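Below are two complexes that have chain A in common, paired first with chain B and then with chain C.
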Partner chain A sequence: MLSLQILINGILLGGLYSCIAVGFSLVWGVLNIINILHGSMIVLGAYAAFFAYSQLGIHPFAFIPIAGLSLFILGYGLQAKIINRVMGAPVLITLTLTFGLNLILDNMMMVAFKADYRKIILDPPLGLLELGSLLIPIDRLYAMVLALGLVGCLYAILRATQIGRAIVAVRMDRDAAALMGVKVKQIYAVTFATGAFMAGAAGCLMSVIFPISPLTSNAFLGKAFVVCVLGGLGSMPGVILGGILLGLLESFGTLWLGPDFSTTIAFVVLLTLLMFRPTGLLGKRGFE
Partner chain B sequence: MRTQIKNLLRHALQGLMLTTAVVSTSVIAQESVLVGAPLPLTGPLSPEGTKLQRGYDLWVEEVNKAGGIAVGNKKLPVKIIYYDYQSNTPKAVQLAEKLVIDDKVNFLFSPFGSGATKAASAVSEKYGVPTLAPTASSVEVYDRGYKNLFGTFTPNDSLTEPLADLVKSGAPEVKRVAILSRNDLYPLALGQDFEKSAKKRGIEVVYFDKYPIGALDHASAITQIRSSKPDWIVVTGYINDLILIRKQLGDQKVRPVVLTMINGPVYQEFIDATGPLSNNVTTATWWHPAARYTSQDLFKSSENYTKLFKAKYKDDPDFTNATGSAVGVLLQLAIERAGSLDRDKVRASLAAGNFKTFFGPLSFSPEGYANSYIPPIIQVQNGRSAVLYPKAIKSGDFRLGLD
Partner chain C sequence: MNALFCSKPAHIVVAVLFLLAFLFFPWVANNYLLRIGTTMLMYSALALSWNFIGGFAGYPSFATAAFFGLGAYVGGILQNKGIPAPLAWLLAGLLVTIFAVVIGRIILHLKGHYFAIASLVIGDVLREIINGMTSLTGGGMGLNLAAQKMGVTEQAQFFYFSMLTVAGLALVTTVLLDRSRLGFGLRCIEQNEDAAVRIGINTDRFKTAAFMLSSTFVGMAGAVYVSWTGYIDPGEAFEVLISVKPIVMTLLGGAGTILGPVYGAFLFLLLEETVWRNFLNIHSGILGLLVVLLILFLPRGILNTNLWSVVEAHARVLRTYFRLLPRFQGINLWAWVVRIIRNIRHQS
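Up next is the complex of A and B:
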């Protein structure tokens, strides 16, 4: 029974991690940008949801499209006006740029909201799903559903819509896509904005699950990074798999070695995987 | 011959200028009391750094309003030089050294937390600078035989012993305790002291483990705690850890007879972020606005301190704010008693103890930590902090069980 609860903990945690990582994976996989801003955008979405709930009474789930759209606009503007200027440069240049933008965003949030931790307390609370002696917190279940939903939507968009095909084309060969009449810079902006949308959506849910502060952005970014490397870039299902794998490793790591070593075990597995399969579990070559 | 005389005159003139410069600089330094305060104003510890700074600033404002610190027969204004060490301990140590060497401060206030205080205390000892530690409670901080460190917090067992006594007498059905500590100097030391206090009273420690700094999930540790069936759970860490752990304890329906979390629940932030889950959580702290000390410092009493703090910041002071102001009044009282800014004299004055402050009576052990007052035990009851102990300021009865 203990192991079964730990298994469930791990899968739910994995769902949470996937939710955090999906936007990050899209931007890295398609644009080859390591978006250091990602964690802060999640936090911004979380703050927006927090204030919408505490000041206006809007439920964080209902707020997801609004938070997502606001961050979409922010992301579009950032990519179109700033990051597009260094597209095609070595990946460390874009990393430095997003690092600097992250510092600005983080500190702006710290000035605006202070570093006090905030959390949404839903009334009535979402509660638990009880299956015998197994307990499933419903908010984490929703995080899993949201992650699957976001990945599913993205999968559908990339396969079935004009703009989705254009994004895939730009990812495959930027110059050839440009020759086919695809407006590459616009596609970059839409992709980054979509990643930001997902960060905002994830943030709404995070404000229910975690205490939020500008200081939490690095924690989210760190997990997103590990999930993407584990699951592999260029693959949306890889995000889900990577997230769940990380969640399981940390949960069973706690059981076998104690909570203190749970993150160590995850990183040891990560390093081993990188040695034998650097593209990650489901990654495709070309985005190392 | 003429050149030699010229050279001699030139050197003499340079020597004279240098001496004048040195003498005049040292004369200038005596026109205010300079205190160095490295703080984590950015980074993960910035909430705590800002709280300390508020405490310092209130003291500086009040003391300068009254003309300054009385040093012998004149009054000197106080100036605190702040540097932000970005929650990075090695940087705190570097900045402490910079404050001593470049800024030539007379005294130092330690950086935040037991870990950084211990690291920076090496600088104080090297240069013989009396240093006041506002936030260092672990005895490990004071175990190097240094003579320059004086802390306002009583050691960790002054929190764990009274709490264990309260549980033993007020909840006799408690037989098993589980302890979860953050893997950090102070929270872990506190957890270890809880283990000792529990064992001393025949309470079995059925679980004791530590979680890493920056952990985003505690579900599996809590699952293990649940399976060990404790009556009393103790969790140590900083506020973000405790908010998350309290929520996840609720997620797994873990409802011990007594839940103790240190130090988060004393902050309103914790109560706001956990809502109904905060009810009946016990904690302990070194100072609380309910304290009723009268003092010989410029605040005159704890009540007056609370009043002045509220007027300036529109908020009740918590123990971190208060300890910031406390090191200020302590330094002031020590200098006034010594009658000079001479470091040896002030150090001796501090070591002699017997200071009546708004924070409590302050005297120090030979190692340098305070050992002169009883920290209050608090329980959150319906969104408010009730003081359970000591009896003199008790404002509520110990409640058992969680919602």
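Up next is the complex of A and C:
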């Protein structure tokens, strides 16, 4: 019974992890950039949701579109004005650039919000759902459903809309896409902005579940990375699979080895997987 | 303008003067300057080490913090067990080297982003393990070392020369590597790894050698650092900035050059001490700004760039900037700059 409870916890957590990772995976897949800013963007979204709730009383789940759109604009500006200048440069250059941008954003948040941990306490609380002896926290359940819903929306946008097809085309072959009349630089900016949107949305969900501080951004980034590698780049089902796998891994790892080593377990699994199957479990070329 | 760095004899004169200055520095410096000098030498050692794997072989390694922290802990623990400091430093360097070979075998077949993150992760895992082994390492409480039985000034000089030795060894290794078969092979790998395989370079062995070299002096520097400060904790030892700063320094000076990392470390510390020491709250933000400007305007570093061409490429921005300035300062700065540039052009 205990392991069933932990299984459920793991899956709930995993849904959130896929939402954290999906924007990161999109940017990595299409732009071939590791967006170190992703973790900080999640934290920024979470802070926006925190202040919207404590000052204006807007429910964090209802705040998702606003937080997402603000980050969309920020992301578009960053990509169009700064990161587009180094597209196609060696990994070290793009990585160092986003790292530098991240230092700036992190520092600004530290000055603005201080390092205190904050968490939204919903009033009235959503409580627990009891199924026999199993306990399911309802806020986590809602957050997971919303998270998977957001991932599904992104999937639908990439499949059905014109701009989504253009993003996939750029991912598959940048030069051919340019010949077909796709404005590649603009698509880069839209893609990066979409990644930022997902980060902001994930932040709103996180603010209800986890305590937030500028110091937590690296943890989010690390999780996004592990999910991407586990599931494989360029595959939306892969992101969901990777997220749930990581959630289960952390839950059961904590049960067996104690909470001290949960990161180590995740990373050891990651390194093993990278050795034997570097493309991840469901990795492929086109991003769908 | 650029003659200072390009033409060979002038370059060598500058380099020799620069390096000699370090040898004689302790006789003119007070304890504060000596401390900065020691930090600068430590940064040089880290940057020179990163240059082996990141500059010569072109592999974006973020493992510097892992080597540094491991070296610091091994050195610290050995010293607490009664082993004399210099021997503990050597053993720390040796153990970190062995560690790097094992890890290198695992992660060096990865490329690009995958390698970068895999190397970044090593430090995180080590931090967690060391945090968990409380009985040996003190866990999150940190590791304390017995105080050195020396006067303040002697101690400052002792650690200055210890760091100088480590940085000097790294520099000598760089010079030797630059002329060796190994260095040539690494440059081939940096250019095109597949082609390097075709011309008969054993890339696995070469990359492992570079990764190994990039760990030894970092481990030693970590061990010297822990003796110097007398305390280390996992958060400080595996701080991710320890991995990033050497990269920034090397890029600033010029990756793949011999003295670039040292010049880079010097400039970086100069900035650190003069500019953002006064802005403690936004310290890392200014570092970030420096990184962004560096990547956008000087991605190949001082020694690899014709500085004049950078000025010319951004002439319009600079002109606007200098034209706006006089309104606040009351002097015609732009005319002044133009005059200087004309003089330089006439001379060259």
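The rule we apply is simple: the second predicted complex is superposed on the first by the 283 of 288 C-alpha atoms of A that agree within 3 Å, B and C clash if a C-alpha of one lies under 4 Å from a C-alpha of the other, contacts with A are read in each partner's own complex, and residues count from 1 in each chain.
The rule is short, and it goes like this: a contact is a pair of C-beta atoms (placed from the backbone, for glycine too) under 8 Å apart; a residue touches a chain by one contact, two chains touch by 3 or more.
Keep in mind the model is a prediction, meaning the values are calculated, not measured.
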Fit or clash between chain C and chain B when superposed on chain A
clash
Tell me which partner A:97 touches in the superposition: chain B (first), chain C (second), both or neither.
second
Figure out whether A:275 sits in contact with chain B (first) or chain C (second), or with both, or with neither.
second
Touch check for A:85: first (chain B), second (chain C), both, or neither?
second
Once the structures are superposed on A, label A:108 by its partner contacts, choosing first (chain B), second (chain C), both or neither.
second
Does chain B (first) or chain C (second) touch A:263, or do both, or does neither?
both
A:129 contacts which: chain B (first), chain C (second), both, neither?
neither
Which of chain B and chain C A:9 touches, first, second, both or neither:
first
Taking the superposition as given, does A:210 touch the first partner, chain B, the second, chain C, both, or neither?
first
Looking at the overlay, does A:116 come into contact with chain B only (first), chain C only (second), both, or neither?
first
The clashing stretch of chain B against chain C, among 43-51, 61-69, 115-123 or 169-177, is 115-123
Shared chain A surface residues [contacts with chain B and with chain C]
107, 222, 260, 263
Name, in rising order, each residue of chain A that touches chain C in their complex.
28, 32, 34, 82, 85-86, 89-93, 95-97, 99-108, 111, 218, 222, 225, 229, 260-261, 263-264, 267-268, 270-271, 274-275, 278
Complex contact set, residues of chain A against chain B:
2, 5-6, 9-10, 12-13, 16, 107, 110, 114-119, 121, 123, 128, 135, 137, 140, 209-211, 213, 215-216, 219, 222-223, 250-252, 254-255, 258-260, 262-263
In the complex with chain A, residue positions of chain B that touch it:
42-44, 46-47, 50, 180, 183, 209-212, 214-221, 223-224, 227, 239-240, 243-244, 247, 251-253, 269, 272-276
Would you tell me which residues of chain C are touching chain A in their complex?
54, 58, 60, 106-107, 109-110, 112-114, 116-118, 121, 124-125, 128-129, 131-132, 240, 244, 247-248, 251, 281-285, 287-292, 294-296, 299
